[in-house]
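What follows is a pair of complexes built around chain A, which joins chain B in one and chain C in the other.
Here is the complex of A and B:
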């Protein structure tokens, strides 16, 4: 087996985690301003806002998992940190979407309907019949909800992975404040990779079933990989400044 | 600090309660100041010839302006804590400073936004600015207090690796994201367009035609927050409260194990099922809007 240089491996892992975050954003059903007025399907906010909001909750759970390893000073396995990030992120997005659905159902009074598919791929229910006049769907049908949860899991895992890698890089140099630097840098990479898909999807996407998903994900993922690679290089470079 | 299970659960419950209040007040602050996506309609109305008396701030995207507010509160509290202030005093002063700064942003953005609409004859109502800005500051103060208190508990008592300002920033952004996703729908989808037909989405043709008359007199943002406090705000609070509670509850009970992760995933599955129930309920209550075409009948 070919041995990979640890620095190169760290950079590659950061690039992969950035790509995971970028992929995640495509899964999250965001309808932007029209969705806030029940004119479009999805959550009534922007891609960056929601992806970052859920991913950052994942970052908190991942960092706490990292700080509570099997023994003091020994972090848990990488998979465990990723899973904790995914869990936190999924819980945030699921509770947000559920509360959003409550408002759509009982506050605004609209049935949930997707404009992109005739039948919900999960429940098999007709969507077009429930789409009111002059709208592009409304609410959060089951497919959007499930797609959002999958996206949150990917985003949270991506955030957890960057945090894990950065802690591995920075801990030997600045043990006390490594978490702060790693946390802020993770947030930065999160925003970078949440913004890239916004251009691809044009601000709104319904989730995995949206034709836009297949159309843009390839280009966005490649872009994100290379941008995250640069972020990884920067992350390693700033560590050099920590050597006393 | 090592806590026993009862104490850990008590702290978690306190954090959940604080988050519920923070989420609710965050959304109500964005409603009284008219921020985020629904504000696009408030901005659009004068261009369509509908002049109004609604506050119009939209400093930036809701999560970002909210994160800014929370991080200022966290930073000031952190500085005061290092000067050995009593924690409650430090958090209160931090929250107050952040709320005042948001108030400054609110007035400048309201004046700036309305000034940019001079050509549409939208007036800048000084009484609206005088009455609404203190309400924005008050709502924001309570939200800042709750979020900085959560960050303080997480950092000082639970031993989270991030500092108070950073935790406050993350919770501020998350609270803003939830407020923008949940409560704003009640403001944008329902309150701004109570003139639309009940039980359906907003027809694109109605864009900008916001309701401008109140139960008595002309509608202003105080009327809007009164309405949104009945449903949109509490729903946002529940979402943030559930997020804070359920993101920590599994690890508090089952430790840092795979079992805890599994329980977290189970919670998400329960949410998916609950959403499905809501979907069925809403479809039965309001739809369908069109008759299903029976192809075999059509052929006959």
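Here is the complex of A and C:
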């Protein structure tokens, strides 16, 4: 393996994790205001709220994992932190979607149907039969749920990765406050990378099966990668400023 | 829209930058003066110094809210809150960078932070316009302004809590105890709420600016509450002044709403028809 300068590696890892968060947002079935009235498929709130909600839970679980290494003072491996982040996010988003589905099914009383595909790619059920006239689908069909859980895993892993990298950078300089500084910086990067794709998708997306997914993911990922690269450079410079 | 007199974007930008930076720098300069003057007056000056940071942040809130208004008018497709959150996201990254990178030259921190925020905002705006192709003509300019105002808000309120804007001090008094999250969230609310609440066909800048003043002031009151924990007496002044400003701005907003609302005419009960 080619040896990479550790600083360069840190910057690259932050750029990759930003890109992961950006990709994650595309997987999450976001319906926005129309979905809140059960007139579009997805969860009835905004992209940023969902991505941030699940991502920040992922950040909490990732930081908990980081703080509880195999021995005091020794952090666990990167894979463990990423997995913890992904798990926290998945649990959060899955429970959000489950609770939302209960409301859609038993409160609003709509069958779950997607407007973007004729048959659910996972269950093979016909979708168009269950669509109400004048709506863009409603509820959360199986494919949306699965896509959302995958997205949450990517987002949580992305958040966990930034946190892990930042802790590696900051811990030598400010041992006690590193967690707070790394956490807040991660939140900043998270929001930037959650909003960029939400502009790309224009507010609503059903998930991986939506034709919009293929149309917008390329340019969003490019944008996110470059913006996160800048964030990575900035993060490394902050560490330089900490050297008294 | 053209017959209504509005504050131009440049006017508000100057107001936000000058007012914001002035407030932030006063938290640094007033103690220098206060230390020279001994006795009670010196102590009073030292106590009121952090309040200036919050006042500066209110200027930036009004500027930022107007920038949000200009860009969100085009319809972002994601709701107005997203832009408030990206503002704080960019703001916090730039603020941490600006304050940390200057090391011992504390005085340069806020200016470096605002410059960094403008660059990050410009880049994100450029990508949004040219790569994501959002087709919003004011995107680049507004993104730059929003990022810069977000940074001033973060530094201003942080300085109000920490007493000054030295990075180590802010880490100890704002980051470690989690007050940063309050500054982040309530600051985001302050910048996004005015347009989110006022948007619509009869939206007017004057009304929005008064509401921005009131959200900024209520943020100042909340930050003051947090500052009581870290600074004591200064926090009490910040909180009380915040509440007073909130009442003033909210009353003005209230008056504007009444002014702009269609007149409600009492017609009395429906008259009984004679058969």
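Note that in this section the second predicted complex is superposed on the first by the 243 of 244 C-alpha atoms of A that agree within 3 Å, B and C clash if a C-alpha of one lies under 4 Å from a C-alpha of the other, contacts with A are read in each partner's own complex, and residues count from 1 in each chain.
In this text, a contact is a pair of C-beta atoms (placed from the backbone, for glycine too) under 8 Å apart; a residue touches a chain by one contact, two chains touch by 3 or more.
None of these values were measured; they are calculated from a predicted model.
In the superposed model, A:211 lies in contact with neither chain B nor chain C. In the superposition on chain A, A:32 makes contact with both chain B and chain C. Contact with chain C, but none with chain B, is seen for A:200 once the two complexes are overlaid on the shared chain. Once chain A of one complex is fitted onto chain A of the other, the partner contacts of A:6 are absent, as it touches neither chain B nor chain C. In the superposition on chain A, A:176 contacts chain C only, with no contact to chain B. Using the contact criterion defined above for the overlaid structures, shared-chain residue A:46 touches chain B and also reaches chain C.
Set against each other, chain B and chain C touch different numbers of residues in chain A, with B touching more.
In the superposition on chain A, A:97 makes contact with chain B only, while chain C stays out of contact range. Of the two partner chains, both chain B and chain C are touched by A:184. Overlap of the chain B and chain C interfaces on chain A comprises residues 32-33, 46, 48-49, 52, 180, 184, 187.
On the chain A side of its complex with chain C, the touching residues are 32-33, 46-49, 52, 174, 176-177, 180-181, 184-185, 187-192, 194-196, 198-200, 202-204, 216, 219-220, 222-223, 226-227, 230-231, 234, 237-238, 240-244.
Residue ranges of chain B in contact with chain A, taken from their complex: 36-38, 40-41, 61-64, 154, 158-163, 166-167, 170, 173-174, 176-178, 180-186, 188-190, 192-193, 198-207, 231-232, 235-236, 238-239, 242-243, 246-248, 250-251, 256, 258, 261, 264-265, 267-268, 271-272, 274-276, 278-279, 281-283, 285-290, 292. Across the complex, chain A meets chain B through its residues 32-33, 35-39, 43-46, 48-50, 52-54, 56-57, 59-61, 63-69, 76, 80, 83-84, 87-88, 90-92, 94-113, 123, 125-126, 128-135, 137-142, 145-146, 149, 179-180, 183-184, 187.
Within the complex formed with chain A, the chain C residues making contact are 76-79, 81-83, 85-86, 88-94, 96-97, 99-103, 116, 120, 123-124, 127-128, 131-134, 167, 171-172, 175-176, 178, 180-181, 184.
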